[in-house]
Structures are given as C-alpha cells and as structure tokens.
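The chains carry the letters A, B, C, D and E, assigned in the order they are written, with residues numbered from 1 in each.
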Amino acid sequence: MTLPLTPVWFVALPLLLAFASPLWVRLRLLMPLLVGTPAVLLLLALALLPEVRIAPLVETIVIAPPLGIHLQLDSASWILVALISFTGLLATAFIWLGDGESYLRDRRAFIFLLLLIAGCNGMVLTGDLFNLYVFLEISGVSAYALSALRRDAPALEAGLKYLLIGSVAAVFFLFAVVLVYLQIGQLNLAAIAEGFAGIPGPMQILIGLLMLVGLGIKAELFPFNFWVPDIYQGSHPVVAGLYSGFLVKAFLFVLFHLVFLLLADPGVAGAWLMGLGAATMLVAEVVALRQDDMRRMLAYSSLGQIGLIALALGFGAEATTAGGLFHMANHTLIKLVLFLTAAVLMRSFVSARLADLAGAGRARPLAAAFFVLGALAVMGLPPLNGFASKLWILKGFAEAGVFWPVALVLLAALIEAGYYFRWIKVLYEPRADLPEARAVERWGYAPIAVAAGLIVLLGVAPFLVDDLFIEGAQALLDRGAALSAVLGAGS
Amino acid sequence: MLAFLNDPGVLHGIVVLGTLILFFIGLYGLLAKRHLLKVLIGIALMELSVYLLFIGLATSPGETAPILSDGLRSFTHMADPVPQALTLTAIVIGLAVLALGVSLAIQYHRLTGRADVASLTELKEPR
Amino acid sequence: MHAVVDSLAMIGVSYVMGFLFYGFYRQFNARVQRRWGPTIWQNLFDNMKFFFKSETLIHGPMFFFGPMIIMAGAFTTVLFVPFLKDSDWLQGFSQYGNLILIIYLLVVGPLGNALAVGSSGNPFGVMGVTRGLTRLMGLEVPFFLGLAMVMLQHETASVHAIMAAQDSLAHWGIVTNPIAFCVILLPFIGSQHGAPFDVVGAPVEVYAGPRVEFGGRLLGVLMTQRMMMSIAKLVLLVDLFLGGATNILVLIAKAFSLFLLTTVISMVFPRLKTEQAVDFFWKVPLGLGVLGVILTVWLPSWSA
Amino acid sequence: MYHKTQCEGFQCEQAMLEVPGEAESIRQGVLERLVSWMRHRSLFVLAYGTGCGAIEMRPLMTSRFDAERFGIVGAATPRQADVLIVSGYLALKTLRRVIRSYEQMQEPKYVIALGSCTINGGMYWDSYNTIKQVDRYIPVDIFVNGCMPRPEALIEGFVALQGRIKNGEKGGYHHYREHIDWYKANQRKVLGDQIPPTYTCDWYHAGGVV
Amino acid sequence: MSAILRLLFLIVSLSPGLLLLAWDGSLSWTLIDGVRLSLTLTPLAGFFMVLLAVAAPLVALPMLRRPLDWSSLALYVPLVLGMELLLLAGDFISFFIGWEIMTWSSYLLLLRSPRADLETSQSYILFNLASAFLLLAGILFYYSLSGDFRIGPLAGTTFGQELILAVLLGLAFLIKVGTLPLHIWVPSSYDQAPDLFSAFLSGAISKMGVYGLILLLTLFPDALTSLAGRLLEGPAAGYLLAWIGVVTSVVATYKAIAQEDMKRLLAYSSIAQVGYITTAIGVGSSLALAGALYLALVHTLVKVLLFISVAGIVLQTGQRRFKDLGKLIERMPVSFFGVLIGIIGLAGMPPLPGFAAKYLIFVSLVDARWLLLLAAMILASTAAFIYCYKLIYGPFLGHANSPQAREAREAPLIYLVPQVILMALLVLFGFLPGLPVQVLIDPVLVALGMETIGGASWAELTTTYGGYDGVVLMLVFIIAFVLVTGIFLLLRGRMHRAGSPYDLSYAGEVPTEGTPLHYGAGMGRELHRIPLVGWILRRGTRGFYLGLAGQMRAAAALLGSLYVGRPQIWILIAVVVFAASLAAQSMLGGL
C-alpha cells in the first residue's frame, strides 16, 4: 500500500493519532508520537514544497468543488502549515526533553495538542466555509481544554473564560456562515467569493461584521482581545507559546484569507483591519508597560505584534503582505523562545513575577540570554529576524508613500523597548541574595536553541527564504488565481 | 386556520423574529446572569437560535425531508439537505463545547466552592 | 644666532619695561593718594630681593615646576608677540604664531601655576585659583569677541598683517574699529589683574589668593612673569590698535600711554567681587560687543 | 624633643638674649652687598596685630606716614614676609601663632617688637597669662619701646633695621638657629605640648645650621 | 583555551585597524527582496574608522585584566563589529544594522556594571532606540524619495521633503551626540557604565553621531546651504545647528563644573566637546569641517585617555568622588601625567592638538562672520578650564581624603600602556599639528568636494587667517622651560621640601588631618552666584522626562483598565462594538 503525499495528512494524521491515544499509552509511545507527528508533518510540508511552488495543490474530498469539500495548499497556506508543524515540533520537543510538568505529558495533553494542530491545519487548508467553522471549533475546544489542563483555580478560570468568549465568537461566526449559506447557497469559499458581490449591501455588511467579530475575537484584534492576557497568564507558558505561536496566526490568516478572497475590492475592509491592527498594537504595547508577570507581559507583547501583522496585511501591498507573513513566522519563532524561556524560568523560580526574577540572569545565564535574544528580536533589532520582517513591512509602506503606519510601528517598537529592557535590566539585577533556582533539565534548552538559531539565521540571511514569502503574498493577494485554481479556468 | 403559514414570507418572518428573540434571551443570560451554568445555558440558547434560524430559513412550507424513499424518486420538493446536515454537525460541536464548559465549571466549583462568573478574579490586571 | 639674541633682547626689554611700568604705577598711585610713594625702581628691588632669598620652601615637585611652567609660558608668549613692525629685531618667533595662539598662550602659564597651587595643598590657594579661573571665564568672552572683530576687520589672525594694515594714524585700529577697542579695554584691565577686577590676587582677600604658599625665589619668578606677561599684552594691544611701533622708543611711548589709560581707569574704581566682575563683563563689555557685532557685521551684510 | 643643652641659669640667659651687634658684621663681596642693598629697600611686613600696637600700623602704612616710600609694604602670608611685627603684648594663645608664623617665614627674616609690653610686659607685667619678654621665645631684631610708640618711632625702628640689613649684619634668625634648643625649651615652658610642630623647623633635625 | 579566546578578542579589537590596512573594493549582497546591502570604505568613514581603530584596542587591552569578565568581552565583539559595519556601510540599511548592533550591545555592556540602575539603563536604551527609530524613519523617507537605499546626494526634491529628511535624521544623530534637550541619557550612563567601557562610549560611540551628522550633509547636493540659503557667510540652516551645539557646550560645561564625581564630570565634558563639533558642522565650511574632524580625533584620544586613567583610579581606590580622593600625584604619577596631558588636550591649550582643533573652529566661525557664536563658544571653552582644573586637583592634588586614597598604588601596567600610547600620540600631534590634517582630514575634504587645508609641512597648521608652527612652538616652550629651570636651580639659596603636607600658612593655625583642607568637592560652587550660571545650574530636563514617563504609566493604567478580567464585559464590549459599527455603517450608506 502506498500512502500518497497529500495535504489531507496535515489534518488526518494528528486526528487519527489523537483518537487512537489509548493504544499509545499502552505501548509507551505517547511522547515519541507527540513529537513525531509534527515532525512528520513538517517533513511532509517540505516534501510538498516544490509542488506547491509550481501550482496550488487542491485535494478534493469525495465530491469535487464547489459542491464538495476540498483542502487547498497554496504558497500562503504552506507557510502557515509549515509554521504550525514546526512550532508544534519545538513545543512538544520541549515538553518531552524538558522533563516538565506531568500534566503536559499525559494522554489528555497528547490528545488536545494533536487536536490543536489538526484544527489549525484544517482551518488554514480548508476551502469550505462550514468546514472552517468545524476546524475553528476543534481548535477552540482543544485550546480551552489545554488552558485548563493544570486543573487548579487559575487554569480552570482561564479555561472557563476562554470557553465563554470563544463560544461567543463561534456563535458569531456560525451566524455569518448561516447567513452566507442562506444568501448564496454555497459553502465552497471560491463559489462564495464569486457570488458574494451579488448579495445586497446591508447583508454584506452584516455578514462582514459578524465574521469580523467572530474571527476578531479569535485573532485577538483590539476591541475584542481583552481576554488574551488572562488566558495566557493562566495557561502553562508552553501552551501560551502555542497560542501565540500558531493558533492566533491561523485565525489571523483565515481572517485575511477571507477578506482577500471574498471581497473583490478589499480596500475598505483592509482599512478597517489596519485601523484595528494599529489600535491593537499601540494599546497593547502601552498596557504592557505596567505588567509585572512575565506571561502577561508576553501576552501583551504578542498582541502588539499581532496588531503589527494585521496592519501589514491589511495594507494589501505585496511588500507589506510578504513582510507580514514573514513577520508571522518570525514572531512565532521569537514568542516560542520567549515563552519556553518563561517556562524554564518559572520552573526554576516557581514564580514569573518581576520581583521574584530579579537577578535570575546570574542564576540561569542561558535562559536569560535566550530571553534577551528573543526580546531583541521582537523589538526588531538587527541582526535578528524581527528586524528583517519589520524592515520589509516598513519598506512596503515607504514604497507606497504611506507614513502614518511607519510612525506608529516605530513608536510602538519604542514603547515595547520600554518594558522589554526593563525586564532585561531586572533579570541582570546585581543582587547579593540570588534567588534559589530549582534544577531544570538541560535538554530542555535544545528546542529553544534551535529556535534561537533560526532567529539569528533568518536575521542574518533572510534572503534564503524571502522567495517563499513573496510567493505566499502573491497567492494570498491574487484572488483571480485562487478562484480559477478551484473552479477551473473558465469561471 | 394556519394557512397563512403556508406563505414562505410569513413563516420565515416568524422564524426570524422568534430566533432573534431567542438569541437575545440567550445574550441576556450570557451578559446578566452570574451563575456559570446559567451563563453556559445562555450560550447554548444563542447557538440554538442560530440553528433554528438556519433550519427555519432553509426550509419552505411544503418541502419534504430529503430522503429518497417511499416512492420519491426525484429531488423535487425536497428540503435542502445541506443545512440539516450542517446543523446536526453544529449541534454535536456545540454539545461538546457545552459539555467541556459544564465540566470545567463543575471542577471549578469543586475546587473553590464558587460558581459565580464574577468570582473569576484570579487572573487580572495588576493594581 | 640672530634668533637667540633677538629672543634675549625681547625678554630683556619686556622685563625692564615691566618693572619700570609697574614702578611708575606704584608711584603714580601713591601720588594720587597724596603719598610720596616708592621709587620707580621699587619693583626691581622687590623682585631681586625675592630672587635672593636664602630659603625657599616647596611642597613637592609639581609645586616647583608650576612657576617654571608659568615662566616658560611667559617667555613663549613674549617671543610670539612681535614688538616692532618693519624691523628684523624684537620679532622673536612671531611669524610662526598668530593672534589666537597668543591669547591661548596667555593662559598656559596661569594654568600651570594652578597645578602648583593645588599641589601645595593650601585650600586658600585653590580658592584663589578658582576665582582666577572664574574671572578669566568672565573676561575672556568680551576680550575674544573684540579680538575677533579685529580679525574679521583685517580678515587675518596674523598680528604682522594687522600691524602692516595700520600704516597711518587714520588707519590705526583705535580709529577704524573703536568699538572693538572699547570692548577690549575693560577685560584687558581684568586680564592685567588691574584694580576693579583684582580681587583674585589682592592681599588679605582669601589670604593672598593663589600665591598664598609661594615664598622666596618662587615668588620672585611669579612676580617676574606677571610683569612680562603684562608687557606682552600691552604690546599686543599696541600692535592691534595703535598701529604698532617701528622702533623701541615709539613702542615704549605707545605702550606707556595705553598703560596710563588703564592705570587711570583702575585707580578710580572700587574692587568688585568675583561674581560681580563676571557679571559686569557679561553685561557691559559683552553687551557692547554684541552691539558692535550687530553694527559692524550684521547691518552691512543685510544692507548689502 | 627639644631639649636643654649647654646653658642654665640667669647669666646664661642674659648671654643668650644678647643679639649680635655691629661687631659681628659679615664680610661681603660685591654681589652680597648689592643683594643686601636690594633687601633693605624692600621689606614685606607681616603685621601681627595682637594688641593696641596694631592701631599704630594703619597710619604708618597709609598716606600720612607712607611707609611705602621706604619700600615697606604689607604681606598677607608669612611665606612672603620679611619682617614680623609683634605689635604689643602676647598672650599664651597668640604666642603659639606668632611662633608658628615666624617659623613659616622664609629667611632672611627679621622681627620688630613694638611697645613696652614686648620688652617686659609693660602694664601687664603682673598678668597671669601674658608673655612678658618676647625675645625669650623668638629672636627680636629691633625693639621699639613706648606705650604705644608713635608711627614716627616705628619708622625709626624700620630705618635702623634697614641699616643693619644693608650692612649685612647677622639677623636674629641666625641666633634662632644657633640656639634653637634654648628657644624651644622656653617655648615649651609656657606652652607645654602646644608648641608648634617640629616640621616647621626641620632644619633643626637635619643639622643644617647655616 | 582562555589564552586563545583572549587572543581572538584582541584580534577583533584590532580589526578596525586591520580593515583600514587591508580593505579594498566593495562587497554587496541582497538582504531581502529589494534591499541590497553594500559595503565600501569612503574617506569620511575611513576617518572615523581610524578613531575606532585607536579606541577599540586601547580600551580592549585593559579589559583583559584578571579576573576576566567573559560576558563583557563577548559583548565587546559585536559592538566593535557593528561599528565597523556602520562605517563600512554604503547603503542606509547596513548603516542602520550597524547602528542598532552598536546600540544594543553597548546597552548590554552597560548592564555589566553593578552600579547601573534602572533609570539610567532605561534612559540609555530608550534614547538610543528613539534615535535609531528616527533614523529608520528618515531612512524610509529617504527611500521613498530616491527609491534606493544607497547613500548618495538627493536630487529633485522639494524644500519640504528635504526639511523632513534633515529633521528626522538630524534628530537621530543629535540624540546620539547628546545635544541639549536630548542629552539626559549621557551623564548617568557614562557615569554608571563599567569604568573602561565609559572610555569607549565617550571616545568612539559618540563619534558615530558625528559621523552621521556629516553624512547627513552629504545627502544634500549643496550641503546645508541648499536648505535655507545663506546667513552672513555660512548656511542659514547650519546657524540653528551651530547654536544648538554652542548652547549644549555652554550648559554642559557648567553642569560639568558642578559635578562631584569624576566620571559624571567627564560625561558632561563629552557633551560639551561634541557640542563644539556640532557647531563646527553647522558652519559647514571646509575649515569648519576640518576643525570638527580634528576635534573628533582629539576628543577620542583625550577621552579614552582620561577615562582609562580614571578607571585606574577607581580600580585602585574604589572612590570616584572628588571629596574622597586627593594627593594621588605621589602614589599614581603615571596616571597623573595621563590626566594632565588629557586635560591640556581637553581644554584646548597649546601646544597640544586640542588647540589646533579649536583654532580651526574659531577661525571658521570668524570666517563665517558668526561672531556671537564665537563668543558663546569662548565662554564654554574658558569655563572648561575650571572643570579641567577640578579634574586634576580633585584626585591628584590637595590632600588625601580617604584611607584608600592614602594607600593607593599605581594602576596596573595593562591600564598604563594605553595611557602612555595616547599621551605619546597627543604629544606627537602637538609637535606636528598638520600631520592629522594632511594624512587624515584632507582626504575626507577632497572626497566631500571641498578645498583642502593642509600646509607645507606636517609641523604647520595653516588657514587663510594665518597659522602656526607646532615644532617651533613646542621647541620654544621646552627650551624656555629648561632654561628657566636651569637658571633657577643655579641661583644661590637653600630650597627644601616641607616636612609635612600640613605645613601650610594657615593664619598661624596648625591644620591636622581632621581639618577640611581639600577643596575638591566644593570647587566651582561659588559660580552659582553668577546670575546666568546660577540660572543654568538650577535647571534640568530630568523632571520633564520623568514626567513623560509618569504620563506614559498613567496612560498604561488607563488603557489597562479596559483589560478587566470579566468575560461578560468582554462580550458586552464585543456586542456593543458590533452593534455600533453596524449602525454606523448602515447609516453611512453601506459598503
């Protein structure tokens, strides 16, 4: 029997392995499979890359589109899929190697982690609106459960809060899906895109706003993102790293994918999203100034970067979009380093509070060095990868002669420096009584080191990968090509 | 007596009105109630209203179930099967979410003795 | 050889002029105060007495080298000021220098001496030095501004060229650029340690100021350099404003008249405190200087 | 520290108080005579105003008597002074400072004692805390007696001192060096441990009596 | 292993010099799509590379003193390499990359000091990043004008565009050089940085701002003149820059006088010196630029020398305040000479090259007919004598005021070697003031398309206003000094040394150890009584920036109150926003 290399595996493999989990417990294969699955998916993604670069892969399930469900792997979604797999690999490797908390290493965590990966992959790949809703809920449910995994009061609180707000988002999104179906009678995205212009204007607005609220809550845009810091703080940092690393990226991608696909002229919606992105960025960076819990601070910082990405993608120019996609990837790497470092620090010093971490840099020099590296990268300081992508975005704005986003981005970066450098300073505080540090597994640094190495590599040599992102941006922006790939050239 | 219901416009109007009322009742429960279970019930009501809306608007009077049996050999005068399938899926998902929510709420209650949504104050902005 | 003889002659001339002028100053001062006063040679006597004191106390090597530096600075200053124009004699090394260099050389010595004062460890001396530096800060601004106006007028910083440009009475600096002269005059008196501004070295003001620890031969050195430095400054002003001198007698006459002017001004004013002096320099001469700049530089360029 | 040596008793003391007179003038070469002449024309005065004599110094220095015509001017610090004027009685407190100032002066240096109090205590002859005879503690070159002496008398004293300087006579400072033990013993007698520190007379330990 | 690493470290520190010798041609590659990096070595950058080549190894050498601080050594490497990149940059992106690497690595080096506090480190990094981001904004604006990141003159731009560009880039560089309202980060960070690193901060890093300012001039076809015409004989736009520089110098000089800590004093003096350089750049003539470059050179030499000397003092005594030191001249004679030569250079006294630099600047000001600026500059430069004197009196003269100062020993050899080298360089340039002009400065002027100012020989410094001859000046002074000393020693009479430091004429009193005889701390305090100076000294910008930070925190608290931890409110807000935007859109009339 030969297994064809199709995009279906991105969803199917983690789902199958997750549901067969009792088997793996018995066979003591839980941890190897947990790490192995994203690794295999990453390899699969790499293997598919040459094909994807030639033309988008459309994988039909049962019936051909527009009637059936299909998965579409183009250059843009490939970036997300590879990112999800890679992030999953590093995070699970950290869980395995880092010898961490037992609740992250048991069957439930295994199931939910794989479900999260499957859900996100599905969201990114699917070409069907209702399917999108399903994957959205799969990833949502697994995320709620992951937050509550620790089963103490803060974790349960985080899980509950996440569940409440997430369900509301899902209801809004479902409402939009229902309206779309009622108006067009189609669920295939390409088909909807063709028919969307025919919907009466007020209904378009209603659908758009419903989707905006639904996805905006999930994608952490400004007036809908008040839940984020609480959830990130209550969850384990590795889980928060996954949220910040690919969950929110997947939602953001879906949001912009829908915008660019459904709307013939994404100008107005893009402007709205740019505004929301700018507000998200500025508000989050300012509020982050007063945080004294590392997880919460990182949550705000993550919000800020999401805002930046929304700003870049919303502009819709090729350079900003490519830069935005690149920044997604970079931000994922950076936040992974930061959250995993936070996990190490939390395990060493029990607390993640600023006051308790004073002088930690002298007790845990490696972890602090990774934190510094991540902080420098997230602020966009060269020669790290955050700089390359920010430069790309800003260059895109400058080429278009639009300067207010440039000013806002730079201002936000300055504010961001205000709190990151405060943390760095405190980490290296000279203190006579160094805090007591509990032992951590040295192998746990390996995934962080890999991510850190990539941060530096992508910073020094972004030209290695910039083609991918340009193609991704073109795939994301080129509505006609996307439609014809699904519906055939004649449509 | 209820013949006026055979007019799709009237029927759909009633459905829209009813589901919207249901939706806002759910929203009210979600926003105004403090007990966790009541809040979850609010969410469930909102979801329910969306399902009802979907089914109600996708079906017109006089359509039969989309099952090819009992001598029915063509696809005429059948309800669109897709909304029903979708709604079934959505109900399953909604149930899963609701179950997870209820279980979390119960665990929370067991752990802390509280079931008040306003008492979720462990995680908040620093003063 | 010529350079050596010339240098020695310049040093000699400036020394002789120095003690004679200051001897005259003391006698003149006494007459104004209705006293008989000392002889005109009194400064020579004082100076020689100190040079031949049989005991000299020093406070470490820097204390010794300070007066040496200030003396070397005085010699260098004298050698870089041309005494005569259109002459081979009394030129020193002035063709290798310029006006700005001379102004800075004037302060080399005092700073070297300040090291010696500090090295003595006497706080009164250091207070005196600080006052001296403060006064320097006050007077240098209008002084330099005036000189800059002269430089701008002649478009050169070379003293020779400035002298050469003043070929007749009508072209004397004091005639062609009277504002600059007025700006410079009071700071010049200050830089000569003249009367209204002499709080720094005045006896019994903070215990004799910077010289509190100097005695014996070192004090003799300090007196000598002060006299020579004063003559260097006088000659410099003669060169800049009074058209220079073609022979030694003219030089003495011009320098003496200038000296007489400053002396007269000194005698009629009471002593100012340091901060008052600085404030005065920054208000009156500097204000005049700013006015001068506006009149001689800004207005012509705008009207042009 | 400073210890008594050769000399004890009244006669001895008398001998010590004899300041060398004209007979001991030194043979001088041309340069020395020139220098002496310069020196006598330029006397910087450290006026130690301990008593009423200080009042008489003002008219001396100012327009009326104008000591500057003799080359006599005031000095601010002992380092620059040639002549120390002890103008009146000395108390125990002031004696200490006068001795220290004297020792800080650079040679050649001279002392003029002004008024009767410096000779024998004058009107304070029976006071418990005044110094009766200054020349037991520092060598006095010229006494100007009177209570108080007029500035004219002081000028006369100065002229006499100038004459001695011009002739190259040995000054009191030679005597101080040669008999430092005796002076120090006397100072110790009244001042106890409060006598000025040794380093002001370091030549004493160096043995370098010129 | 350790030896090899140390050797590597030294090689890196020598790399600017090696680069100068070995660099030819250029390098370029694409960073990301449309951004091409290119490295060349222009003469202007070469000049600043020389400064780096002097400062980097001389600061690196004493850093190798045991016990080694490996983190500092490791951070020094990207710092030096980043600055090399910054200087080699042929385009703005590599310039910016080098600039930022310099910024963060210097910040992390600053953190190595146990004395660095939060306020200082935050102000350092925030000001420097503000500078960097302004720079980036300027670069992007430049890019939008020229369509290319390569550094070169702009053509066909409007006055408004040029003004925006000049303001953005100018502000960036002015923050870096620390001109007046933007200087607040300089003193405290120079003070609290590791002692040796302060030398590098002041000697090399601040020069990068100067490099940037000069680079800014080259962006405009006719330098500053094209911006707003001419005023008297200089560019009108430069007049403002020159006044900024001069006001900076004046204020910083008085602040320096008021300091009671050696390193803070040096920090303020750095601000003042760079203020002169800024002024000269504002004048913009060939003379003035030569003066600016010359002063940059001298300032690098002098400040590295002074900071290393001071680092030696701090190392040996553990004290850094004037009131705790004193009389080290006998205990640390080499350091004394280091500081002596340093302050002579700093004060711009002849015969050392500081005078040559000031001479060029003064003459250029006269030449531009900007006499009021000249007067203000003279004010700063004569007031500088006071702090120079304080700097040498406080630690070295007077009386030892602490047990450590009484028992200090000379700084270790590894500190003295750089000092001696720098002293030798300064004296050499004193003899040959024309040497830097002909070798280093004239090529830059040629490259900038200006007339050269080099004279006939290395000994001469010539201008249109006349010049002077360093060899003659130095020889006359030395011969006079030798003669005077010789004659003095030939005179008859006993000369002896006081038996005790307390043998002072002190009104007959006998001062003792307990008597407050050291005038180091209070020196210059009486300047407060001068109205203008008192007015300056009473003012500061710290309150303003602290207020700004407070406002920022208040804003954070205000916005943070949005992030309440209550799900129902989140949902409410979402619903309200939804409803409101729906209403708004439908009222505005649809998509």
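The rule is short, and it goes like this: a contact is a pair of C-beta atoms (placed from the backbone, for glycine too) under 8 Å apart; a residue touches a chain by one contact, two chains touch by 3 or more.
Values in this document were obtained by computation on a predicted structure and should not be read as measured data.
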**Request:** Using the contact definition stated above, find the chains touching both chain B and chain E.
**Result:** A
**Request:** Just knock out chain E conceptually, keep positions unchanged, and give the connected chain sets.
**Result:** A, B | C, D
**Item:** Farthest chain relative to chain C (centres taken as mean CA coordinates)
**Value:** B
**Message:** Just to be sure I understand: the centre of a chain is the mean of its C-alpha atoms, right? Then which chain's centre is nearest the mean of all of them?
**Reply:** E
**Item:** Of D-E and C-E, pair with higher C-beta contact tally
**Value:** C-E
**Request:** Could you tell me which chain lies farthest from chain A when each chain's centre is the average position of its Cα atoms?
**Result:** D
**Asked** For chain C and chain D, what's the span in angstrom between their mean Cα positions?
**Response** 38
**Complete:** The distance between the C-alpha centres of chain D and chain E, rounded to whole Å, is 59
**Asked** What whole-Å value do you get for the distance between chain B and chain D if each is reduced to the mean of its CA atoms?
**Response** 119
**Item:** Interface hub residues of chain C, defined as touching at least two other chains
**Value:** 52-57, 207, 212-213, 216
**Request:** Quick one: which residues in chain A touch 2 or more of the other chains?
**Result:** 160-161, 164, 168, 229-230, 287, 290
**Prompt:** Considering chain B alone, which of its residues make contact with at least two other chains?
**Reply:** 30, 39, 117, 120, 123-125
**Request:** For this structure, give each pair of chains that are touching.
**Result:** A-B, A-E, B-E, C-D, C-E, D-E
**Message:** Residue numbers of chain E touching chain D in their complex, please.
**Reply:** 494, 496, 498-500, 502-503, 505, 507-510
**Prompt:** Considering the complex alone, what residue numbers of chain E touch chain B?
**Reply:** 560-561, 563-568, 571-572, 575
**Request:** Going by the contact rule at the top, pick out the chain B residues touching chain A in the complex.
**Result:** 30, 36, 39-40, 43, 46-47, 50, 53-54, 57-58, 80, 82-83, 86, 89-90, 93, 96-97, 100-101, 104-105, 107-108, 111-112, 117, 120, 122-126
**Message:** Quick check on the complex: what are the chain D residues that touch chain C?
**Reply:** 35, 38-39, 41-42, 44, 62-63, 66, 68-71, 74-80, 82, 105-108, 210
**Residues of chain E defined as touching chain A within the complex** = 29-35, 93, 96-97, 100-101, 103-104, 107-108, 111, 114, 116, 118, 121-122, 125-126, 129-130, 133-134, 136-137, 140-141, 143-144, 552-553, 555-557, 559-560, 562-565, 567, 569-571, 573-574, 577-578, 581-582, 585-586, 590-591
